[in-house]
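Chain IDs A, B, C, D, E and F follow the sequence of writing; residue 1 opens each chain.
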Amino acid sequence: MSIKVLASELPNIPWQERPAGCDRYIWRHTGNPVIGRRPFPGARSVYNSAVVPFNGKFIGVFRLDYEEVLPAIHIGHSDDGLIWKLDEKPLPFLSCPADKRETEYGYDPRIAKIDDAYFVHWCNGYYGPTIGIAKTRDFKTFEQLENAFLPFNRNGVLFPRKIGGFYGMLSRPSGPGHNAFGDIFYSASPDLTFWGRHRLVLERGASRWQRTKIGGGATPIETSEGWLTIYHGVMDTCNGFVYSAGAMLLDLDEPWKVIAKKAGPILWPETDYETVGHVPNVVFPCAALVDSATNRLAIYYGAADTHIAVAYTTVDALVDEIKKG
Amino acid sequence: MSIKVLASELPNIPWQERPAGCDRYIWRHTGNPVIGRRPFPGARSVYNSAVVPFNGKFIGVFRLDYEEVLPAIHIGHSDDGLIWKLDEKPLPFLSCPADKRETEYGYDPRIAKIDDAYFVHWCNGYYGPTIGIAKTRDFKTFEQLENAFLPFNRNGVLFPRKIGGFYGMLSRPSGPGHNAFGDIFYSASPDLTFWGRHRLVLERGASRWQRTKIGGGATPIETSEGWLTIYHGVMDTCNGFVYSAGAMLLDLDEPWKVIAKKAGPILWPETDYETVGHVPNVVFPCAALVDSATNRLAIYYGAADTHIAVAYTTVDALVDEIKKG
Amino acid sequence: MSIKVLASELPNIPWQERPAGCDRYIWRHTGNPVIGRRPFPGARSVYNSAVVPFNGKFIGVFRLDYEEVLPAIHIGHSDDGLIWKLDEKPLPFLSCPADKRETEYGYDPRIAKIDDAYFVHWCNGYYGPTIGIAKTRDFKTFEQLENAFLPFNRNGVLFPRKIGGFYGMLSRPSGPGHNAFGDIFYSASPDLTFWGRHRLVLERGASRWQRTKIGGGATPIETSEGWLTIYHGVMDTCNGFVYSAGAMLLDLDEPWKVIAKKAGPILWPETDYETVGHVPNVVFPCAALVDSATNRLAIYYGAADTHIAVAYTTVDALVDEIKKG
Amino acid sequence: MSIKVLASELPNIPWQERPAGCDRYIWRHTGNPVIGRRPFPGARSVYNSAVVPFNGKFIGVFRLDYEEVLPAIHIGHSDDGLIWKLDEKPLPFLSCPADKRETEYGYDPRIAKIDDAYFVHWCNGYYGPTIGIAKTRDFKTFEQLENAFLPFNRNGVLFPRKIGGFYGMLSRPSGPGHNAFGDIFYSASPDLTFWGRHRLVLERGASRWQRTKIGGGATPIETSEGWLTIYHGVMDTCNGFVYSAGAMLLDLDEPWKVIAKKAGPILWPETDYETVGHVPNVVFPCAALVDSATNRLAIYYGAADTHIAVAYTTVDALVDEIKKG
Amino acid sequence: MSIKVLASELPNIPWQERPAGCDRYIWRHTGNPVIGRRPFPGARSVYNSAVVPFNGKFIGVFRLDYEEVLPAIHIGHSDDGLIWKLDEKPLPFLSCPADKRETEYGYDPRIAKIDDAYFVHWCNGYYGPTIGIAKTRDFKTFEQLENAFLPFNRNGVLFPRKIGGFYGMLSRPSGPGHNAFGDIFYSASPDLTFWGRHRLVLERGASRWQRTKIGGGATPIETSEGWLTIYHGVMDTCNGFVYSAGAMLLDLDEPWKVIAKKAGPILWPETDYETVGHVPNVVFPCAALVDSATNRLAIYYGAADTHIAVAYTTVDALVDEIKKG
Amino acid sequence: MSIKVLASELPNIPWQERPAGCDRYIWRHTGNPVIGRRPFPGARSVYNSAVVPFNGKFIGVFRLDYEEVLPAIHIGHSDDGLIWKLDEKPLPFLSCPADKRETEYGYDPRIAKIDDAYFVHWCNGYYGPTIGIAKTRDFKTFEQLENAFLPFNRNGVLFPRKIGGFYGMLSRPSGPGHNAFGDIFYSASPDLTFWGRHRLVLERGASRWQRTKIGGGATPIETSEGWLTIYHGVMDTCNGFVYSAGAMLLDLDEPWKVIAKKAGPILWPETDYETVGHVPNVVFPCAALVDSATNRLAIYYGAADTHIAVAYTTVDALVDEIKKG
């Protein structure tokens, strides 16, 4: 194994070997979707969610749509990262912690562990979508920080450590509604409250599969080759959109610089649970688990805005593909 | 049984008991779809249709798309409300009975029995969509009345009796094309020809699942708790629309007043026949049968603009859910 | 004079003779605009308004925009039909008289005298624009009737007498916003409350100057040749819209039948007060005074959504032009 | 057999008899899709492609999307017209042969054999989509001709012989993007380089299934009844588009004149491989094989922008249906 | 004078010297507009028109809008090129000369003299806008040729001689309506009937003033420095469009190659007759007269889609500016 | 004089007394526009600009459009604040100071003096519009800071002192293009580099004149009644937009709280230089001078995106109007 991953070992990472006959460097979990429709009464679907190792087991923050299709963020627990038990009460996040106004919605959460704290961050409704952040050490009590940016912003993704003395975040500024535009930017902060030094990372349109909009996905993984960054790209077709997963390497010290990028998507809608659902043709990655002993990688992604699915690869295989371009 | 339904008994109402393991107050017929693609040669699909008891059996008015995708309204007959035989000739409705101009199209019919006559009403093409009405006693001869409104209007739903001395109708004024807007209004008429006293009933957007547009569904059912009214709501997603069924109670005497409304949809696209078809992700209710002896309810709905399906519940269970909000 | 006008004599009708050198059948008042910007403190502009003879003088209902650009309807008085004194308090019309809800807005009023009562009618805000109607005999107390139609409707224009035993109204059903579509329909009512028997009168697009949308203008004038009907038409250009005035004759007994129509507009934006203002390039007629002794015609129109202007012609000249096509 | 087909015999045409119970004049190959996802590593899908008999076997030009979703045109070989082996290198077509500029994209190819040469023609990117043409005799070396038209044009379809001394081509002028408009025109050329005498053939909207846009499909087949022409039509629904196949007869000498046209589509999305995929609900015919000894017809079509499928009928059955209207 | 103009001498070219205090290389005629509103009864305005010397005087083809706003093309005569007498009957051009169908509209004409014939060419309605061509020697009888291209095309501009043995034309393919897109192409023809060898000349967006669309203007003028080509460019603003005139030099032998181009517009809307009218903010050049003895240039342009105006410069001054970039 | 203004005295503030007959609290400078078209050769127009007192005279930063319509920011000098001399070289601002990339554009500048430094801030092109900031003490050398926000943002307006220990800025997040949406937010920063604690200040739509979008205008003026804040609002009409100036008071310590707001606009397009120009109907305030000895106020605003104009009022009169609501 040639690539060094700067992360903990995770011997109980969910894993299946590559199936015989598979000619690709990434393959789906055979038990997909790992969470399907109606995880508990009153809940409609779970998707676009993030997981982390916690105390030898796994914990996750989940985008859960109720029957009313109101999205909120729920905690879930799992022994193996595949069978999940979701809390039936949402996390009590606010529109803005300063004004105590109840939030209109919260969706598409991610988690980053920085030092010994966990930072949940998500698309938070404050007169438009922006990036909410909350800090926890035990997933029981949360301290909600200021929203990071002005609206309209989606797909905020924190880096797992300070870079050059500053926290770093990817995000996708855009407009209200499901606009067709959107590029990925990097912003820095001394304190997770005030943000600046905004830099463009990646413009949409580099390839056709991502010509409509793009956005951050999983927490970037630190490797000797750069930040391994899994994201999503969207293309329009002659009848609707297709959401796929892509991958790139960002510079370790100046993460707004793209070192290498896989030209095509690494995963795109092909199965029933990805092509049919509340939103057809969606593969939307929000988290990845990695084991630095084996470099195994388990990618969690929302499928068709209805299910959660898992795909497997290794850091080595994925970086190798990225370098091929 | 606590709720009184002011309707006839219907001992042969289609019915299946709630399946074991089902945790909801409404469940699908196991033989769905009850009508699939190509009911007879030259017919492409049947959906968004209405049925009534008639002479101990059942009769229905069906939206039938021919292979040319021209929609028209056909009569159908059934002994049990589940196996249907459709007439292969459409009902001969006109664009406007006064000018004898052949109609451009007719679709999404409903039936209301008022006193001892049946009133078929549908979306009728007269320089734009409006609401056509025709009266019959035998489903063999029909007297077509004036169109109720100016275009552009869809989803007209007559009440089954006069209210305060006037006929009543729900409708959804809008514009040409499949616009994103649309609220439900109530209008009154002394004679089914002249209409006025228009009142707003429900604005779209009360919940996210119905934030794009809404429209009347089945003929309202008179109960001791109010008019039990099943309707449809539409939401946009990041890739297309989703059509679902909702339910509310309207005031018996002033039916433009909403007494209570179920916050979430009662049924939404989850099965293959609802998520895949000519129009993906559509549940579109147009009729409901009720048996006042048991309060059983059989809801008929179009699925994916391709099939007709049936779902079961009871008036008591549904009103109970509506009151929960 | 060959054409008989079925209206009162009006010896003090505003009038100027055709200027020397003018080669057209219609000419502008030399003192235009007759009302300019800021008619009184707090008022921004007055336009799209209607006037009638009253007790030997003139009275009018005016669309007045306040500085906040909120439109309301004000009464105005004039001795000569040219110099106007506006009431500074608006008419207290409601969104819907049945629910006592204050209206959101009222604009573009017309007046019709039917028998010995005056009917003000205007674009009234009731969950979208529709046609409000109010009855008065003294312009001091008003009885507001039901809104005539479901939204979305604009440019309602009442006929000045019953036709075939029914009141008649032109209107332009459309959608919310300033949509590009809109045709003129005729509707009948036994009682000014219930409306039906809707008939298409004129589709937009008959000529290029009116290809985008059209709408009724002045109260139709009864003549031996038919209802002389002044309306407006709108065209799109490669940079914005142009609103012009047109004229047609409708059948006396079946007023949805167009007997003859002037192919081109009779008046279009050419002067400073018509081409420049709050809305550039607008000529929008809402009323016409006629003197049956001389057949003189004084047409009142809004100019650039900022001013009120007057143009002169005679019934004979205008009908003659209409018949030329 | 009453209809004379002016084409070669093709005894090894792919064929299955009409299945028992099928009540239509056209039926699907039971082994559909004949090419599925990922025909070789790095290739994502193959669809909208054309085939011809060649040296007793079959050869085809295929629209192949790579993983990056960049479309290119690849040669494929088959012994039986059903099992295909695709070249992994694309045909080296240029944006414009005169300027040697590499093309941005090439897609939706057709082939016509005229005299003893084969003309591949396709949607070629030259500052917008236009129609590229290349001539070959052996499918090894190609001479690329001038692009036929100015952009924006798609769905060019050559006739298989000169008509009145001129080459003929159907095409669909439109605009950039997936616009909603598009009619089929016929153009003539003395030399395949200069084109003129443009004539409208068919406007969209003749029936509802083709009201949004239409375009040529397979190379027209010369019969004693006229040019048998299979094309596609697109309709909008209340949630996306549906692409279907249609058929018509064009005049042998003046092929811009439609002799007869099937009112409805001959094939529309009904199966899983047509309703679900990269683009839901697409049936897109690009080629047809015919055997003049039996008048058997094998139609090749793209399905859901993801697969290639085959349907069978006979010239006699299809012409008979077209004549029914 | 350094630049050689390959055109006739024109001693009576309209001319005014540069006014004192003018710091630009181009200046307006002080008597502008040379044609205003209503040139004769029934005519609304004249603009976007072309003129040529003829028999020692001047003749022009004019876009004339009637009161109905229907555009047609009229001949006009002038002794001095400034005072014009327009024919009141339009040129009888057809939609397509082959089918004798009357045209829907004709507008924005140009004239090119090639050898000893004059070719009027204009935007001609044939199921969408395309380029009509008609040949004349005396401006009394015209032979209408085939339309040059498929719709949708506008702003066809013929070169005044064959280039490399072929006729040449600039045009701007686009879509129906006033779309925001449009680039200039060059096409060649052996016979003015069949067109091909299409080449991109200039993409919109090279500068902000022309970022929305561009199109050919005056007949290119042959000079020793290349084809001097005056064209128009359009920009969007935060409230509507602005049309301006630009200039460039094209290669004499390969006129699709731009030798040099003025970065900014040479003329843009500043005066009353350019900023206010039927379409605000339009400067639209369609012709230029040149005198090869003095290199004086008189540019004719439509102003605000309402007037015709003239501006003066010299070939030397303009080429000098173009070379500055 | 009741209101205390916390600013310097400015005895040479531009000033004219209220004209006789003027019934409003604000009046225009009689010499408007103070800067017209073409301030120097190659410059097209100057508008939307800001001025400050400097060394007993005045200095300004001006939005200047070149003939190519490329906007840049130029310094200007004036003795009296009315007659201006503009530098012909633009300020050399960058897209992002960290990457040295030349900016695509800069427009709509403001200036705030904080302590003894001047901060120019403007709409800066960095992969979309955002807020650039540059610091100077002499208007000769500038230190460009980081862009304040992620795109898409316009109309950044700095407060003239720290509030609660933090710098404060109003801005209007939106999307690319001239979208119809936009509300005003407040953000805080410890260092003018990192920004956070975002709070909504004012939503568009509070009155009709500002229902489309709103944005900050002049640097807020500190008074004993709160921050006197002049801003702009935009409304749509049936034919284009209208930009007007409004005024409100913000809380001194929590400036995201609106204390009082004038319901209507204080100034809107009425004169020739406001209604006609590159963009019709624009009044766009960007600066205000105040003299704390007299409370005189001189408001600078762009007119029709073509001119700069000045209007006068007093702090007392304006605050009085704001309090009336």
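Definition applied: contacts are C-beta pairs under 8 Å (C-beta built on N, C-alpha and C of every residue); 3 or more make two chains touch, one makes a residue touch a chain.
Not measured: the values here are computed from a predicted model.
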Common touching chains of chain E and chain D: none
Shared interface partners, meaning chains that touch chain A and chain E: D, F
I want to confirm something about chain C and chain F. Since they are copies of the same sequence, is their interface symmetric in residue numbering (over half shared, so same) or not (under half, so different)? different
Most remote chain, CA-based centroid, reference being chain C: A
Based on mean C-alpha positions, I'd like to know which chain lies farthest from chain E. B
Taking each chain's centre as the mean of its CA atoms, how far is chain A from chain C in angstrom? 59
Please compute the C-alpha centroid of chain B, do the same for chain D, then give the distance between them in whole Å. 41
Find every residue in chain F that makes contact with two or more other chains and list them. 240, 276, 280-281
If we use the touch criterion from the header, which chain pairs count as touching? A-B, A-D, A-F, B-C, B-D, C-E, C-F, D-E, E-F
Could you list, by residue number, the parts of chain D that touch chain B in their complex? 23-24, 207-209, 235-240, 242, 263-265, 268-270, 272, 275-276, 280-281
Partner chain B, residues of chain A touching it in the complex: 37, 41, 44, 66-70, 178, 240-241, 243, 276-282, 305
Give every residue of chain E touching chain D within the complex, in rising order. 96, 98-99, 126-128, 130, 146-153, 171, 173-176, 179, 181, 183, 185, 187, 189-190, 193-200, 203
